[in-house]
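After this come two complexes, each holding chain A, first together with chain B and then together with chain C.
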Partner chain A sequence: MNKIGGAVAGFFRGIGNFFGEFFAAVAKGDWAVKLSLLVWGAGYAKRRQYVKATIMTALEVGLILFSVCFASQYVPKFGTLGTVQMAQEFNIETMQMEFNDYDHSFLILLFSLFSFVVWAVGLVVWMRNTVACYRLQQAAEAGKHINTFKEDCREYLGDKFHITLLTLPIIGIVIFTVIPILLLIFVAFTNYDQQHMPPSALFTWVGFENFKSLFSSGGMTVTFGYAFVRVLGWTLVWAFFATFTTYFGGILMSLLLNSKKTRAPRLWRTLLVITIAVPQFVSLLLVRNFFSNGGIVNTLCARIGLTGWLRSIGLISTSYIPFLTAPGWAHVMIILINIWIGVPYQMLIATGILMNLPSDQLESARVDGANKFQTFRYITMPYMLQVTAPTLVTDFVKNINNFNVIYLLTDGVYTTTNQLMANSQAKEVDLLVTWLFNLTQNYYNYKMAAVIGIVVFIVCAVFTLVAFNFLIRGDKEGVYQ
Partner chain B sequence: MKKLLSLLLAVTMVLSLGVFALADGPIEITVWGAEEDQTYLAERIEAFKAAYPDQEFDITLGVESESTAKDTILTDVEAAADVYAFASDQLPDLVNAGAILDLSTVEAALTALAGKTLDDIKAANVEGAITAATYNDKFYAFPFASDGFFMFYDPDYISAEQAETWEGLLDAAAAAGKKVGMTLASGWYNTAFFNAAGFSTSLNADGTTNMDWNGTSPDGYTGVQVVQAMQAIAGHDAFMAIADGDISNQIAGGDLAAVISGTWDTKLVSDTFGEDYEARALPLLTLGEDQVPTRGTVSFKMIGVNPYATNTGWAVMLAEFLTNEESQVARFEAREIPPTNIAASESEAVQANKGVVGLTEAAAVGVVQSVGGKYWDPTASFGEQIAQGTIGTDEASIQTALDQLVEGVTAPVG
Partner chain C sequence: MKDKRLGSIVSHNVLIAVLCIIWLIPIVWLVCMSFSAASNMNTSTFFPQEWSTKYYVQLFHSDTVNQFKAWFMNTFKIAVFTCIICTCFTLMVAYATSFGKFKARKPLMNVAVMLNLFPGVLTMIAVYFTLRTFGLTNSHIGLILVYSASSGLGYLICKGFFDTVPRALCEAARLDGCNEARIFAQIVIPTSRPIIVYTIISSFLTPWMDFVFAKMILNAGISENYTVAVGLYKMLDKSLINSYFTVFCCGGILVSIPIAVLFFIMQKFYVEGITAGAVKG
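Then we have the complex of A and B:
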């Protein structure tokens, strides 16, 4: 806990320093530093860094142009997300439609958000710029050497190379990760759905309405809360079983293959790895057809009398075994099929780790008279767990969002017989993420999908933080040794 | 510096205005049609160009199944095709999303260039198709094909008389050790039983669906009676409930003596049942003391125009051309798809096609479905419950199940 506290304190100290430096620069800076608050290049120009001065001023002009020409069209409408409804009229002269100057809620939301990010970055640059000018002033007053532009450039390839390297990835993360996530969060607070689809219709802010209807039944959608609890429950059950069955399955499989008594281990290993080589969607769709109501497995079971026997003991009421079409059956089948898909991966990982198992410890265990199970329980397993704990956590999170297996095995095959689930467009076998997909893809219910997306994020984040904190706390390192 | 400035200015301008040049020269139109229709559509597009030799065209043809058109179009209306084919049940969603053009706004162009009014088009096609292309009293699309389900049966096992009623049909199949297949887990199919009792659905302007299947129909039957009749059918040894989309597989499987399907399976049925197969309307359903026709769903395929098309006028001209009598005849010849154009469907070739006759017979008692997006999942689940026999046979359980169904279907959209 101290560590987390320290990290939080460090974070705020960092922010404090950042502002402190800026205000110190403004207070103690000479006229050029103060002028650089208005004209970004001023401080550099005074120190004869003309290229830098030009670049910074150009950046400033760019930012102002961006604000005036681009942001000003969208940001003022951010509060309402647009008020002018689209209207059109046909012009027989040109054979074309003529549109009014309508508002596009989604573009307003997206470009406003983009502008906010640009401005936030601009603010930081502006403050850092002032600080940099002040440092130049200090250097000049102390009689130190002032870098020329060439020397600055060389520095970015030498001492400050990390900055050069990280620039592109960070821009990428902001554009492709931060903005979409912020957009998703914003959409959760709007009424963006089928009835409010831009460009033909506008959508607007609704506050916490969507969260209310998710967490309370009797909201806008009658059974949403009912379905949500069940889907979340199955998501967690699935993630637990999918992670641990494949994990232990993989370890056992690799132990089996590593055993000296196993003949032709390479052959078996290759055969298992082939399941990885075949694209998942191909193998999953094939398996889905094998286990369908009229599929090959069902035909086989009917021929050997298994279906009839299951019927006679009352386990099924249909003329086929509903492997993937009845709750319970489908849940178990999905987990079993996932073992088949997932074990080879874990086996490869486990094999690698087992090969690095310190042989002196195994040796001494053998000398001390430990049997095979004891060796596994007290040496192999602790070692495995210590090395693979982080992957175990990420696997769990990955399984919470394991779209492929669930969607490919059940879409178009599984029809729920729970009317209340169906009324919310959910199925017993849905994970949060497949439900979310169905809501956006088939029902255009973007607002609820965004809400579910946020919930999935929170579930994953909380789990990851807690699990990492317990499983791989710093003090655990070295315990094994 | 100046260069940089002007560059920045240019970039911002482009970003902010999204300017595109006005078409000056060839008229650009993009068309989406089913994969099976590509050759046929390419030929008809050439015919369209030939019909207007003075105008230069640049028409691009893309693949998009009629059954999934809505999903792709609504992803980004402005990037979707100008002219697209879709199935009639998607119309409400397309209208609500503003993805389809109200044809009355461009009627002037149609009259000026093709010499047709919308009334001419309405008069040329069967009434059901026009109803299906109309939403909130506005006419949105040009219909070109009928779609719906009817019954195929194998006369080797089932006589024409036995095929009259569900009981006769199922008993005959059972006697022959064969099955009768139908999809129950789909609101497209299972509504047929409720329609039989006189129940109906309708759509409100806000996208919600009206449904009263848990009550009493105008014909005096209760929803409970209908479900009991369905349970009697689904519980029969010879009945096989087929998963949605699995019908063709099951026909090929060879266990069936009769199946509820559509024209798309005609060839397969002919191969499996033999060329002497029969096609007809669905059998009579027994409700209490009475026997009433099972009224299947009648759907249509139609072509709509994107309101965000660059060349709206010409796009409408092309859409009309691809659905006119000549095009419908050509389509029937290429694909054996029953036309909606009255003149086209009167031809001998169309009348001699058994599948088309079966569809026509089913359509005569059929119902044009009018439902919103919340209709499908609840009704699919309801059908599956009947197929699996999870609803109790007593009236109270059935009534509860029906109440839940209606609650789900009539739920607010959003």
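Then we have the complex of A and C:
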């Protein structure tokens, strides 16, 4: 836990330093620094950095224009998310039906959020700018050289090169990851669903209502709690089995292939890798038809009498084996099919790691008379675990969100017979992510999808933090530098 | 004694062969079905009753459902742009986090770890709203942005590799008056060929392999704008599967061949990259 504590402490210390510098600059700065609180370019102008002064002042004007012309339309309505419902009115001048000047809840939410982010960035720039002006003053007072604009620019290819490199990727991440995540968190506290779809209807804040309906199972109509527990349970069971079956399967497979007894190991490896070189939407859709109720596997099973035998012992009641259409069967099949698709991947990784296994250890174990199983148990496995523990953790998280396998195998094929599940638009084989996907794509239930999204994140985050702090110790970055 | 050893070698190899056969059954079935003379799925025998290549010909004659040529070109176009943007972003972030010595480096990396915990599908919904607001759904630009805009977050494997580039080389260059930009362009990039090949191929493959994002963004659009994944998925719709199953198999094979070739090239780098990243945490 020290690592987290250290990180948190470091984080707050960083923020503290940041504000400290700013207030020191304001207190000790001369009139130009103080003026630059109002006119961003003032500090630079005094030191004859006119280009920089112009750019900063232009930025400031841009921010003000943005606030006045754009943000002011949306942010004041953020508290209610709009009050004017869309309606048609008869316009006496044009003699036509026209829409009134209605509020669009979603745009209000999105653009308010966008404004908040812009303002937050603006605030940081403003404070940094003041500090920079103060540093300039200090440099000038100490009689140091003041950079010309050209020299400043050259710094962005030299000491400040990281800023040049990181700007674009970070803008991309902010717009396409950070803002969407914030938006999602906000939507979880609204009643944005099919009955409240902008632009024809408004949605508004409802507090923790959605969380309550997810975690409570009472009531005849509210069944989200019922479905949620089952879907979450299956998600965890799936992630556990999917991770460990493919992990150990991959290690065993790679030991098998890399054994001295194997003839033509490259050929076998290539054959296995073909299965993962085919894109999943082809291979999984194919396998789904392979195992369909009237599919080829069912025909063969019926021919060799397996179907009849299963029926006679009461495992199935239909004239076919419901590989992907009945609960239980589908769960097992999904895990088996995932082994088919996942083991070659893990085999590749395990092969790469086993190649680096220190051979002197194996040799000394052999001299000491260890048998194969003991070598595997006490030398190979600990080494593998040590090297792959981080990937094991990320694999588990990836499997919690393994959309492809579940969706491609069951969408349109599996229909639930459990009415309580169906009421919440869930299926027994759904993971949290596929449930969420269906809720948004087919039922427009964005509020519940957002809540489920937050739950998925919490599950992943807690698991990762715990796993990383207890399984993996130490930061090895420095060792290699 | 010798017989016993021979027997063990034979049984060992037979076991591997059996496993390989199990693993390859669906792929063999895919190839066989694509040469079937019937348009629907063959459910009575493993091999098709009659063989023919006519559905490969049909695949290239577009009709209302099947626009394979257009899909292929769309995916190719999207893949090229995604590849360029992703590779640049990944290398830039990896260099800055590996070689940079700025205060915000560690905090930024921690934020990246947190952001990576949010599954892509999840943020996708919000991205979808946003793109719809700007009218970018059902367009390729929207899809390219979705694939590439956040690619900076996938810098870890590349950073793992950069961490192993000898620092002495860069120090020497710095003493000779090289600035950071030149070190990046003329020293680090040329010595990192394997990881760059890996990044290029893997980002080029993303649009070919992906299904979720393509479906979400292009779902409501017209068939001509689909990518291969969405197009082929729609062929297996309940109402279409009987007339298009074999065409689906042909399309599946044709799209798999280039992907498989690239995948085999990448495979070596994939293992190196993953294990290097794993060791370095």
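By definition in this document, the second predicted complex is superposed on the first by the 460 of 481 C-alpha atoms of A that agree within 3 Å, B and C clash if a C-alpha of one lies under 4 Å from a C-alpha of the other, contacts with A are read in each partner's own complex, and residues count from 1 in each chain.
One rule holds for everything that comes next: contacts are C-beta pairs under 8 Å (C-beta built on N, C-alpha and C of every residue); 3 or more make two chains touch, one makes a residue touch a chain.
For clarity, every value in this text was computed on a predicted model and none was experimentally measured.
Of the two partner chains placed around the shared chain by superposition, chain B and chain C are both touched by A:G412.
Contacts of A:Q88 after superposition: chain B is touched, whereas chain C is not reached.
Once the two complexes are laid over each other on the shared chain, residue contacts for A:W268 go to chain C alone; chain B is not touched.
Contact with chain B, but none with chain C, is seen for A:P199 once the two complexes are overlaid on the shared chain.
In the superposed model, A:T464 lies in contact with chain C only, and not with chain B.
For chain A, the partner with contacts to more residues, out of chain B and chain C, is C. In the superposition on chain A, A:L420 makes contact with chain B only, not with chain C. By the touch criterion defined above, A:V455 reaches neither chain B nor chain C.
Of the two partner chains placed by superposition, A:C133 touches none, neither chain B nor chain C. When the two complexes are overlaid on their common chain A, residue A:N445 makes contact with chain B while staying clear of chain C. Within chain A, the residues touching chain B in one complex and chain C in the other are 294, 412, 441.
Looking at the complex, you find that chain A touches chain C at residues 7, 10-11, 14, 106-107, 110, 154, 157-159, 161-162, 164-166, 168-170, 172-173, 175-181, 183-184, 187, 253, 256-257, 259, 261-263, 268, 270-283, 285-287, 289-290, 294-296, 298-300, 340, 344, 348-349, 351-353, 356, 387-388, 390-391, 397, 400-401, 403-404, 407-408, 412, 433, 436-437, 440-441, 446, 449-450, 453, 456-457, 460-461, 464, 472, 475-477, 480-481.
Partner chain B is touched in their complex by these residues of chain A: 54, 58, 61-62, 65-66, 69-70, 73, 86, 88-90, 92, 94-97, 191, 193-195, 197, 199-201, 220-223, 292-294, 317-319, 322, 325-326, 412-413, 415-425, 441-445, 447. Those residues of chain C lying in contact with chain A across their complex are 8-9, 12-13, 15-17, 19-20, 23-24, 26-27, 29-30, 41-46, 89, 92-93, 95-96, 100, 102-108, 110, 113-115, 117-130, 133, 145-146, 148-153, 163-164, 167, 179-182, 184, 208-209, 211-212, 216, 219, 229, 232-233, 236-238, 241, 245, 248-249, 252, 255-256, 259-260, 263-264, 267, 270-272, 274-275, 278-281. By the touch criterion given at the top, residues 1, 4-5, 8-9, 12-13, 15-16, 27, 71, 74, 77-78, 93, 96-99, 105-106, 108-109, 112, 185, 206-207, 240, 243-246, 249-250, 253, 307-314, 373-374, 377-378, 380-385, 388-390, 401, 404-405, 407-409, 411-414 of chain B touch chain A in their complex.
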